[in-house]
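Submitted below is the structure of interest, expressed as structure tokens.
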Amino acid sequence: MSKVTKEQVLRSSGVNVLKCMRCGKCSATCPSYDEMEYHPHQFVYMVEKGDLEPLLNSDSIYKCLSCYACVERCPRGVEPAKVVEGIRNAVLRQSGMNHIKAENIPEMLDEDLPQQAIVSAFRKYKR
Amino acid sequence: MQGKMIARAKELLQNGTVNRVIGWKAGDFAYDITPAVFNSAEELDAGFVYNDFCGANFSKYLVKESRKEGKILVFLKPCDTYSFNQLTKEHRIIRDNIYVVGVPCDGKTDGETLKLKGITGITGIKTEGDSFVVDTLYGEKTIAKADALPERCLSCKSKKHVAYDELLGEDGEVCESNRFDMVEKLEAMSSEERFNFWRGELSRCIRCNACRNVCPACTCERCVFDNDNSGIAQKAAADSFEENMFHIIRAFHVAGRCTDCGECSRVCPQNIPLHLLNRKFIKDINEFYGEFQAGEDTETRAPLNIFDTEDVEPSVVYEKGGN
Amino acid sequence: MQRIGVFVCWCGSNIAATVDVEAVSEALKSEPGVVFSTNYQYMCSEAGQNMIKDAIKEHNLTGVVICSCSPRMHEATFRKTVQGAGLNPYMVEIANIREQCSWIHKDKQTGTEKAIILGKAAIAKVHLNAPLTAGESPVVKRALVIGGGIAGIQTALDIAEAGFDVDIVETKPTIGGKMTQIDKTFPTLDCAACILTPKMVDCAQNEKIHIYSYSEVTAVKGFVGNFTVSIKKKARYVDTTKCTGCGVCTEKCPVKNVPNEFNLGMNNRRAIYIPFAQAVPKVATIDADYCNMLKNGKCGVCSKVCTAGAIDYKQQDEIIEERYGAIVAATGFNPIKLDNFDEFAYSQSKDVITSLEFERLTNAAGPTSGQLLRPSDGKHPHTIVFVQCVGSRDTSGCGKPYCSKICCMYTAKHAMLTREKYPDTDVYVFYIDVRTPGKNFDEFYRRAVEDYNVHYIKGMVGKVAPRADGTLDVQASDLISNEQLHISADLVVLAAAIEPDKSARPLATMLTASMDTNDFFTEAHAKLRPVESPTAGVFLSGTCQGPKDIPETVSQASAAAAKVIGLLCKDKLTCNPCVAHSDEMLCNGCSSCEKVCPYGAITYSDKEFRMPDRTTAIRRVAAVNEAVCQGCGACTVACPSGAMDLKGFSNKQIMAEVDAICK
Amino acid sequence: MQVNEKEFKPTIVAFCCNWCSYAGADLAGTNRLNYPADVKIIRVPCSCRVNPMFILRAFQRGADGVIMCGCHPGDCHYTTGNYYARRRMTLLFSMLDYLGIERERTRVEWVSAAEGAKFAATMNEFVETVTKLGENKRLEDLRCKEK
């Protein structure tokens, strides 16, 4: 497995972690806080430090609901959820094949299912 | 109408309201009608005419005339009254020294246009419905007004008099005009095409100054182009650039003041559509700062002498698309 | 033909490092009219200035070009220099070869070439310079202070102390401002009213001070030393000369449900009211939005009970005009609206309040007579959560990007006072940073923690949710212990960011004073001229310039007063001689210039002229009042005939510069 | 990269109002922010002093681009000057565009005394734009020269 770099995460997430003023409102607002080993503010801070290994190996990346409450409430516009997403993407890209296949999609489509969910499913339900 | 006008002029001279009359006088040919001042009933009888050749706008003459002794009678067509108001607003004419009689107008043609349409030997003209009936040495010729009127009359902006002391005949209404069609067409062109269009037009300019001299908005005591101290004086253009500068500066100087009377294009011996420059400013002003018609009244501030804090930024020019 | 001397400055190595100064002075030597050209290490030094003076005398110079730093830096210096040598000070032109050349170009050849062109442009301009004489304008010995809070009060008192008349314009019915609503002041815990109200009384009693309460500035004309200000005295329907402030009317008025703005709507007042007991002036005001008599002509109780006969239902707004030499802006601040912060449930629960509301709840003159009670049920709160930085330091667009500066300290004060008065209360303060720079400030904050046991928690509150049992669930992060907390609170106090008063923006436009993006007034210099606006004659006092606490506000208010006094002490101000003037022979009399002049400096009159053909003619021509004209040049472009020109920046001068640059 | 021997260097005239933009240009200098030497600044008291004649004159004498900088609307030292300037320049630029002159050769930018960085960035960008357009010929060639 090649090493995931901080730059990679910053680029894919589009977040400037230096904007963070360490108020912790992201973690204060997070509904999955108790589920997570590392919390939104820690994602931001650890990515800033380049301390990625613990995050990459933590289940926390799948505990994030992507509810974007932290993005909504952050007073500095840091967008912590996107950092979590960035780490998650880095892991998923390295882990290769997806559990669901593109050709199976048409039969999965149904009116009540948002297409967005299928797209996320590609990321989450890996083999 | 001519008869009515002479009769009314005589009355006003007679009762002392005015001491002279500015009107149109027949020239050597039926169609070369010139502005003239008439001092007596006899002079009126001898030379005063009013017909479909009487296109000249008298407003500008009043800058000098209204400063003379006594009151002068002037006959103004609807579009002339806009220039008249504009000059009143700018204190260029002394309103108290003028008696305005508004006369109706259904569009004025000129000898040159008729000749181009093959009508020569002109001895007289009259209107019949939508046509001119022209008396010629070769008999009566009829031509549709649509074919004989200059652009400014075809796209007439108003048949309503906005300033007068009395009216002869019925007053008209402000017209739905298509006068910006050509400007729009030009705007829709590419930069290159516009450049070529104007290059073709402006290249014909001989700098005779007729446009400036006839323009009722160009009444400066001394024109900047004639003033050695202005830094841009040019008696004879030293290079082609100066010609361009002349037309741009002239259009800019009358921006927000030009009533779109069309005299500049009427008198241009090279037939340059100079009104298209003025109309561009008028159209921009209407679009950027709200509808404005110079000369509509004597109070409203000129668009360049007022502002709104929410005005469009100059970058609107780049953002409008096209190239 | 002018005899021009060129002086190229090295500015040590600032210019000389990237501009070949020798080459520049050599190249400019051959320009027409240049009879002397040299370069020197520091032209602004005494030796440099003497060099210029000597050259003027020796070479009989009529014009001087100095290639040096920005004219904004040393134009005045060099004008004085040439004046010392007998030359008119306006015969100097500066070519800016430092800020706009040597400092921005790295390549010496490029820098040198550009410096030469800039020098040529200055030479071309100086050829057309004419000697100018500055006029003088008198100073009106009266100052206007806009805003009657502690800043305006202090400024007015200090100006009056120096012997000058000063007027205060205050939009509210009383002076005093925000400080009247505050209970105690940090870090000494003096009672705010005890230290403020004597000053309010001083204002009222000082014969040099005139208070226009319930009034606002509607127009400002003129310029430094000579402003004309229109003040609208809003109708209060009470004759202030007759009203004794007895307050009977405010007790008898039948309209009892008017939200009391002094207590931030936490209780009600009558339609006729005196904001609070110590109001200055202590006169009643009728709220036209609620008064039955004014709304439908049915009532008149106040008029019947007023023994002084002060009620006047027919009173109208009145506009008065007054002249001033100086104007001080002291428009103050307001807490921001919390509409963008719904996560704190401010709009959902009465028990989520702002810090200013908290002040009223603890103030003896407040809605609870100083008892700290929950607004919802009037019970004592046992757990109170203070949230810092609500809307401050917020770049997300919901709040303000700056630090509001006062919240850390007042929250420490609130926490401490609560714990002192109600020791059974648990007090939590959620902070991002605690900022306590100031005399005795950090000690104060530490006392709250160490002596009063206030729980300071590093972290932010993410959500406040009202529960069915009437408590508030405060969900917050504790960053130090890295956990998410849930606190069941009885009261939540939000330290809302402060913002400049909304009246400041239109006022700045009237005063032509500049503002920053947050609508705080800009100083003339952030460090060296902090109480002056860049607009001459306009000064800044208090929070309209930036967030400040009371001690800072008062010191800045006094500083502004000192600046005003310095101006009013002068009998005359020297005018700018670079003003517009009209060539009467060219003037059309069209009034275009008059319409665009922001100062009303242009007037028209009919004048008799000898015409070239020996007749006389009466023409309407423009004339410029040189004492009023500020030299913007708007008229010069509005003028179609070119009759209007600007001294020092004439059409020909600017075109000569254009020509020199484009050659 | 091959260096073009006859690299085109445009002539750019920048009219700057004394109170905001000229001070902004000074600040760019104080902060050592680079912008091309092709830009030469003319100081005017206010953007409303800029006569369309000056801009045409600059083009006449060989300028390839003209930019006018003033205080931000609302911040004019003289209260209203830049509002008039804004109208004048909008109309003038629109006219030049209408005549087929490249609209990118003219520009108005509001630069405050605090915006040294904006001044430098604006100039860099403007010079780049004008350099791409090349020499200003159209305004001069609007009339065919007699052969």
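As written, the chain order gives the labels A, B, C and D, with residue 1 at the start of each chain.
Please note the rule applied: contacts are C-beta pairs under 8 Å (C-beta built on N, C-alpha and C of every residue); 3 or more make two chains touch, one makes a residue touch a chain.
Keep in mind the model is a prediction, meaning the values are calculated, not measured.
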Chain pair, B-D or A-C, that carries the greater number of C-beta contacts: B-D
Chain B and chain D: spacing of chain centres that average the CA atoms, whole Å: 36
Interchain centroid distance [CA atoms averaged], chain A/chain B, Å: 71
Centre-of-Cα separation between chain D and chain A, whole angstrom: 47
Chain A: positions in contact with at least two other chains: none
Residue list for chain B, restricted to those that touch at least two other chains: 224, 231-232, 304-305
Residues within chain D bordering two or more other chains: 52-53, 57, 74, 80, 84, 88
Inter-chain touch pairs (all): A-C, B-C, B-D, C-D
In the complex, chain A residues that touch chain C: 19, 21-30, 33-34, 39, 41-42, 69, 73-77
Of all residues in chain C, those that touch chain A in their complex: 343, 389, 393-399, 432, 458-463, 475-479, 482, 484
Complex contact set, residues of chain C against chain D: 70-72, 96, 98-101, 103-106, 110-111, 113-114, 117-118, 121, 509, 512, 514-515, 534-535, 578, 596, 598, 630-634, 636-638, 646, 649, 651, 654-655, 657-659, 661-663
For the chain B and chain C complex, residues of the former touching the latter: 67, 90-92, 219-224, 227, 229-232, 253-254, 257, 301-302, 304-306
Of all residues in chain B, those that touch chain D in their complex: 183, 186-187, 191-199, 202-203, 205, 224, 231-232, 239-245, 248-249, 251-252, 255, 277, 280-281, 284-285, 288-289, 303-305, 307-309, 311-318
